[in-house]
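Heads up, there are several structures right after this.
You will see two complexes here that share chain A, one where it goes with chain B and one where it goes with chain C.
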Partner chain A sequence: MEAKSIYQDPAVIKQELIDKYPSKVAKKRSKSIVINDPETIPEVQANVRTVPGIITQRGCSYAGCKGVVLGPTRDIVNITHGPIGCSFYSWLTRRNQTRPESPEHENFITYCFSTDMQEENVVFGGEKKLKVAIQEAYDLFHPKAIAIFSTCPVGLIGDDVHAAAREMKEKLGDCNVFGFSCEGYRGVSQSAGHHIANNGVFKHMVGRNSKPAEGKFKINLLGEYNIGGDAFEIERIFEKCGLTLVASFSGNSTVGQIENAHVADLNVILCHRSINYMGDMMETKYGIPWMKVNFVGAESSAKSLRKIAEYFDDAELKARIEAVIAEEMPKVKAVIEDIRPRTEGKTAMLFVGGSRAHHYQDLFSELGMTTIAAGYEFAHRDDYEGRQVLPGIKIDADSKNIEELKVTADPELYNPRKTEAEIEELKAKGLEMNGYEGMMKQMQRKSLVIDDVSHYESEKLIEIYKPDIFCAGIKEKYVVQKMGVPLKQLHSYDYGGPYTGFEGAVNFYKDIDRMVNNPVWKLIKAPWEQAETDPLEASYVTQ
Partner chain B sequence: MITETTAKTATQNACRLCNPLGACLAFKGIEKCVPFLHGSQGCATYIRRYLISHYKEPIDIASSNFNEETAVFGGSHNLKLGLKNVTQQYKPDVIGIATTCLSETIGDDVQMILREYEAAFGSDGPMPEMIFASTPSYQGSHIDGFHAAVRSAVKTLAEGGAEKHLVNIFPGMISPADIRYLKEIFTDFGLPFVLLPDYSQTLDGGPWAEYHRIPKGGTPRNAIASTGSAAASIEFGSTLEASKSAAGYLEERFGVPRLDMAMPIGIRETDRFFEIMEKLTEKPAPEKYLDERRRLVDAYADGHKYVFGKKAIVYGEEDLVISIASFLDEIGIVPVLCASGGKSGLMRNKLGELIPDMEEKGIKVRHGVDFVDIENETAVLQPDLLIGNSKGFTMSKKSRLPLLRIGFPIHDRFGGQRLHHLGYRGTQELFDRIVNTIIEQRQNASPIGYTYM
Partner chain C sequence: MLLRHTTKEIKEREGLTINPAKTCQPIGAMYAALGVHGCLPHSHGSQGCCSYHRSTLTRHYKEPVMAATSSFTEGASVFGGQANLLAAIETIFAVYDPEIIAVHSTCLSETIGDDLQQITKKASDDGKIPEGKRVIYASTPSFVGSHVTGYANMVTGIAEQFAESTGEKKDQVNVIAGWMEPSDMREIKRYAKELGSKIVLFPDTSDVLDAPQTGKHEFYPKGGTTTEELKSTGDSKMSLALGCVSAEPAAIALDKKFKVPFETLEIPIGLRATDRFIVSLSKAAVVKVPAEITSERGRLVDVIADMEQYFHGKKVALFGDPDQLIPLVEFLLDLNMKPVHIVSGTPGMRFEKRMKEILERAPYANFKNGLGADMFLLHQWIKNEPVDLLIGNTYGKYIARDEDIPFIRFGFPILDRIGHSYFPSVGYTGGLRLVEKILGALLDRQDRIAEEEKFELVM
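Up next, the complex of A and B:
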């Protein structure tokens, strides 16, 4: 199927998007703006540095490390080493929902610790202050773990957060202290921070506790950060299906879970971008295969559950999962039937995240809506084109500086859960074992794929395509809505959610219905409507 | 004895934001201005995200997007490239450049880079005005960045000349609604004015009937130029020193008298503001404002029994805390703790000027503190309500105390940008909200409840 033909030739649109740029910038951007063909899958330039002065959606390495990956684990005390801003801005965002076993159980997510570096710390070094900060946090809470996150000045003044962490870990005795060199200038986006976080969590947390987990079907959920309570819905479904969730990386997780993660028999990955490193490293060291799944979308959730059942190849599990799907689906279908007549044929654009712009297309297609353009904010080529392109990706200066851990099989704990032949067999059954096909294969021919869309380009796209809904984050929200197009926040869900699983899908359908069919949009004249409905006024303007 | 500041070395749950955020906010109040942060792109993204969640408006902030190489060898190339790209895309009148801890740590000489840039590209045609504020986040707080940007704007643009029938108003970090109200007052007095920064429209505007790269509104460049020949400057902010302020610069450089006062909240301080206005215009205040004042006095009388003797904890920027405390004192609420993450060191004395008997009244002042310090005080002081920004929510939830949201940031409620705080109108709104907060608390706590007063 082709993207709606009422639009101009996508090649013309592409030209229009880059016309205003200086020639060098235009040349660079044209490689990141691609007309899709799911059969041949063209190359997308991704994970390259944003040009200075071009306003981007992207954040920094610190944000990816502290905010995304480590943020949702409730019983780690996270200390930001740096001036006050960074810790303040990453304090208690929507990603950080959690559900302690009881009110007495530890939950430090509401806290925001900072060494609050002052000028003298920048001049004379901040390690001493950092150590005092660790001690203060320890004295206050006696947490199981303390993580330290470096902000920009730290790397420059030469503070060794890792040495400080080692020293304090030894001194405190019963607290795991570790640091991250996630200074904001490292890498090209928050993606660098994800990688740095994966390395640190793998090195300092995973494998510390080998107590066998109970349950027959033990899995870890990777790349799920519990935005809007997404993890709670997935947990509900897993429990109903009889799947044991050993650890989540890292929505609604605890230190204990992550330390015990290596006893699971399968890693399922939601956000490939932010956590694929962990999947690979755990496979090599412990022999746990990973599989790409998607719990965004009701059909996608059902499909993912069936894949998990296929992996374990257990008749009882398969039957139970079918029963759960049979029980959940009718409620979902009823809502779709009600809403779909109002959403059918409408169009969406998604420019968000490192996997969300892919996953959420499933929900839109369940509503009969077409994704006409999509792109990620901080993904790499493999997230667009599929992991088969990995060997061909050029490592540039920005990526070279991010450590690649050398991982080998653990002499004691390595235990391949599946033989190579078994893995091949699963792949043949259509399971994305240790692999990911990427977003473009699923998108229509002639739809636009744009990496790191700029502020300017997104406005231009809206002007040209006039989509019925635009999905991005809060930074884009109000500019899009000023033009009379509703924007769905897919970082924090506009306080909605959860959107995963079956109940989440229902929430999403209802939210989208409310947005695209909302009467308020009739009150706002979009710029293009102005010209169409008021020709008289327009003729005065051109006199 | 608890120290006036904090006993801790690290900060837990900070009660202040970072320096460059304030500068970006101030730059948004200049017409056709694009704020530009010299540092990592993450700073621009975080600050955009934070400002947008409060103002609920598009806020573009450009960045020089440092990478590791830039961090080591300096940001000159990135800054120039960024300025060029911003100029080409936005065609701005002004680019407001603020530093971050990164560019300050490596010691980039931004002014020199800007001179080089102007020398290299100045002949290509008209160039946007570059306003530069040094805002290292390891010094001060967002309020310092705000004032640094405003001062830098007048320093860059103000011109001297024969005195004009014109008054400058530098209101500090107030809401767009407050700005609109101040402009209304000046207009009603018939007094020509320059208000800087004016983000009342850029950060609280309507839908766009046409495409524009930069939202409408803001103080025009030529208006800022005329501040140097104004008859006087009015400047709000108890702890704002002349050496750091725009009005201070204009007084020193062009002899424009600086009339500084606390933010006008409460009847007494608003009266002071109107007295200044009457003096400057040699006209009585318009009847409309006397009416506002009469309604407010009437409301004080009607509501006194609900609020009198209540205790409140106030936190936030020092100047806002001082003025709110003075207003609370006026209506008989004891601000048992006035707390701020700011560290001017002037808070106690300045509050003492407004409430001379603060010691006897049991009013405590703490500066340089965080929310953990404030929370600990809550347990001891047992106030009836908390007054401050959204960041007090956790504390309010834990201590089961109502939180009256004022100031910035308000990111867990709607309409923070439309709240009034200043003048008779702002005080009226605050008073009504406080009375209702207290009544609601009582109504909810009562086993029966009551439905009319």
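Up next, the complex of A and C:
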């Protein structure tokens, strides 16, 4: 694309985005569309209901619970209790890669399990069928754990999946069975499902095995789901740095790792939105502090590694991490130097997820590209404005019905890894312990921040800004591309990746270079159509 | 192994479905509604339903799939979804301005007992439907039938709610499309044109889900059966329903309401089903079959005869949907192949009965449909009696790789290849495409595994 046109006043653009809505809808949407100022950080409305009829990117609680958080653990048999659809749609579609230890080790990710509820089960109750299904799964596979996920009708007809799970756990003896009330109507998006999943994993899995882990620097990786092999790259880096990964929540993970997670000395959180609950709860119960990190972007990866080294405050670790960074960075820099002349000055929009729309801005900035508008699909205000706004967030009816676990220090296992004074000292050194600054602080002044962007708003934004690339998901992919703008999927990565760490950054740079400079975008018009639209071409023809 | 826990030993299951060979009703309703011009499908349920259906259809077509949702929350689930649907209708007409909204229900709205007829009537009474616009509906609870019956329910809804009778018969034939690809629908229209017969095809997703790249997103692409055409179906002289499960219910509805007689055919996949379609359409339209169609048929028969040695006796496992499996299995038998294992998650006596008729020529075949007929069972059958070829949707690739079986993607959804929406599988040319695919899969394998001294140049 050629030189950028000068954008209109963002206030005018905002008005244009909501003009067509019925007045009540416009009023509501206007609170979710804000003009950014990284100094003052204006309030953005988030985690509220989508107006019925609005074409939204959002999915449901079940998707967040089964699809996102529990899906990537390979040795749980995940049974969806409900009609067939929900299990079918969440069957392998999230690209959670996994690497069993050997060909004999368990891997159920390729399987789809459902109770395939029929009308009679809805009328007379489905608990009996569920228990039969659990027994059959046990008899066939003898898994370590069976998880049950409730779909919409289950909650409405009053099936008690938790009671069924308890009964079957007792009956089976050597299989951990637990349920999730993650009916699709709970909350306002996938986010409710993340919270429900965190609660269930914390209650039923974490803390079951206290075998000490080997290694000096033991950490858990939270909110990393190994899409496209992201966790593999982080594992590679950790190993090089001498960091021991006890458990990952939940990319490339096993039941055993999660049950043992409480022996780690630090939780690092990648996707704050989907897993911050776990960080908080593990700190309260076991005394493990958490720290926000970001392994999307080469610079961010280096920065995150340095933060981890700072936390452990060990000279040897610090030196080793510096050596790793020194070894990895030149390869990354070489690729950037080649690509950057072709991407410099281009613009991006990111509307996706609950953390990706923030973190991928780092990769774009490494390419010299500017993010002109961004927003999340299912995040909360703290993901935009920073965690300091948490005490001020009003709990509405939709959030109120998601259980908040009452967590206290474990009488035996609580062991504060750092004293309060030590934490304060780390904070004083500039280490952001138990904190997250959010997306807006990093975005430019006058850029647009939009929560739960609608289809209509996306199309308008593209018309007005003509970005060089748009990042969203599969539902938006071909709509945006029909407008002649490449769309990078940041849920599935367009079946590419990994994009984390140093090697991931290189993959991303190459993919973006390929996309924004692809010759196909100049082939859209047929020669005779160009003759009609291009006056120069037309006058040439008539001469 | 990708499916390392699948055992050879088969145990009867009553509660657990593993690797389903079906999905739920609403996605079929959404697909059908996209075949009506200017129509926005609307999912009356949780957001997740709409999101999942749009995602799956988008992955299958690599095209925009627009649809809205009632965005149920817990409150709506307790107090009923009427307020959500009324609000949705108002928002949709204001923002997305469709000609028609086609609402389908979900397991959620059906469990709480929302009545779509009553709610859409209320929307009309309350003046929420602008002049000249329409809101139609179909009941598609996910705990009944499958995606195929959901499609049938929406097609029936379209027929019932659009068709009118002027009292004067029109010289046209309704062709009710069973679940097929846009490419197939385009091909049906080509045959009708070649025959010189006037048809109204509905639904029709060609020029909707195979839209060209123009640099502009057409929210309502140029394709889809128009309201005028749909209205006229009540005056047509007859209906041809292509598919006893996915198309016949709409034909029955038109017969009941407007006395439009109908004939149920199969989707014209393969030689004989296409023969029956051409005969019926030419009879219905009172036209002679042109020589060009006869030549097209001849080309297909010619290839089958020339390459017969490669088909003979090859064992095939199939999974998919009733209206595709019925003619496809018949075609495989005509190719002298052996369909040994067949599953479909879609329940129904009509399907079972027709399949049994066709399988009289294949008494050795394992066939199961409805509850418990899943891909786990199919895989176990394959482990017990290996096959030379597997035909089914993309999920089959896990079995194909583990068991090293040549695999042809056919059916819904196909998430990892293109072609199905552009090149038809129906008709004689579609038959030729299937034959080419089967030969390609079988002979590629032979080329790959043949010993060096037995490696053939000419085949």
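The rule we apply is simple: the second predicted complex is superposed on the first by the 517 of 543 C-alpha atoms of A that agree within 3 Å, B and C clash if a C-alpha of one lies under 4 Å from a C-alpha of the other, contacts with A are read in each partner's own complex, and residues count from 1 in each chain.
Going forward, a residue touches a chain if its C-beta (ideal position, glycine included) is under 8 Å from a C-beta of that chain, and two chains touch if they have at least 3 such contacts.
Because the structure is predicted, anything quoted here is derived from the model rather than measured.
Overlap between chain B and chain C is detected when the two structures are superposed via chain A. Of the two partner chains placed by superposition, only chain C is touched by A:P103; chain B is not. In the superposed model, A:P527 lies in contact with chain B only, and not with chain C.
In the superposition on chain A, A:W91 contacts both chain B and chain C.
When the shared chain is aligned, no partner comes close enough to touch A:G297: not chain B, not chain C. Counting contacts as defined above, chain A residues 20-22, 25, 49-63, 79, 82-92, 110-119, 121-122, 129, 132-133, 136-137, 140, 151-153, 155-157, 183-186, 188-189, 397-398, 401, 455-456, 459, 473-475, 477-479, 481-484, 524-525 meet chain B in one complex and chain C in the other.
Interface residues of chain B, counted against chain A in their complex, comprise 8-14, 16-21, 36, 39-50, 52-53, 56-71, 78-79, 81-86, 88-89, 100-102, 105-106, 136-139, 141, 207-211, 213, 341, 391, 394. By the touch criterion given at the top, residues 1-5, 7, 11, 13-20, 22-27, 42, 45-49, 51-56, 58-59, 62-77, 84-85, 87-92, 94-96, 106-108, 111-112, 141-144, 146, 211, 213-218, 345, 371, 376, 395, 398 of chain C touch chain A in their complex.
Put simply, chain A touches chain C in their complex at residues 20-22, 25, 49-63, 79, 82-93, 103, 106-108, 110-119, 121-122, 129-137, 139-141, 151-153, 155-157, 183-189, 397-398, 401, 454-456, 459, 473-475, 477-484, 524-525. The touching residues of chain A, counted against chain B in their complex, run 20-22, 25, 49-63, 79, 82-92, 110-119, 121-122, 129, 132-133, 136-137, 140, 151-153, 155-157, 183-186, 188-190, 397-398, 401, 455-456, 459, 463, 473-475, 477-479, 481-484, 524-525, 527, 530.
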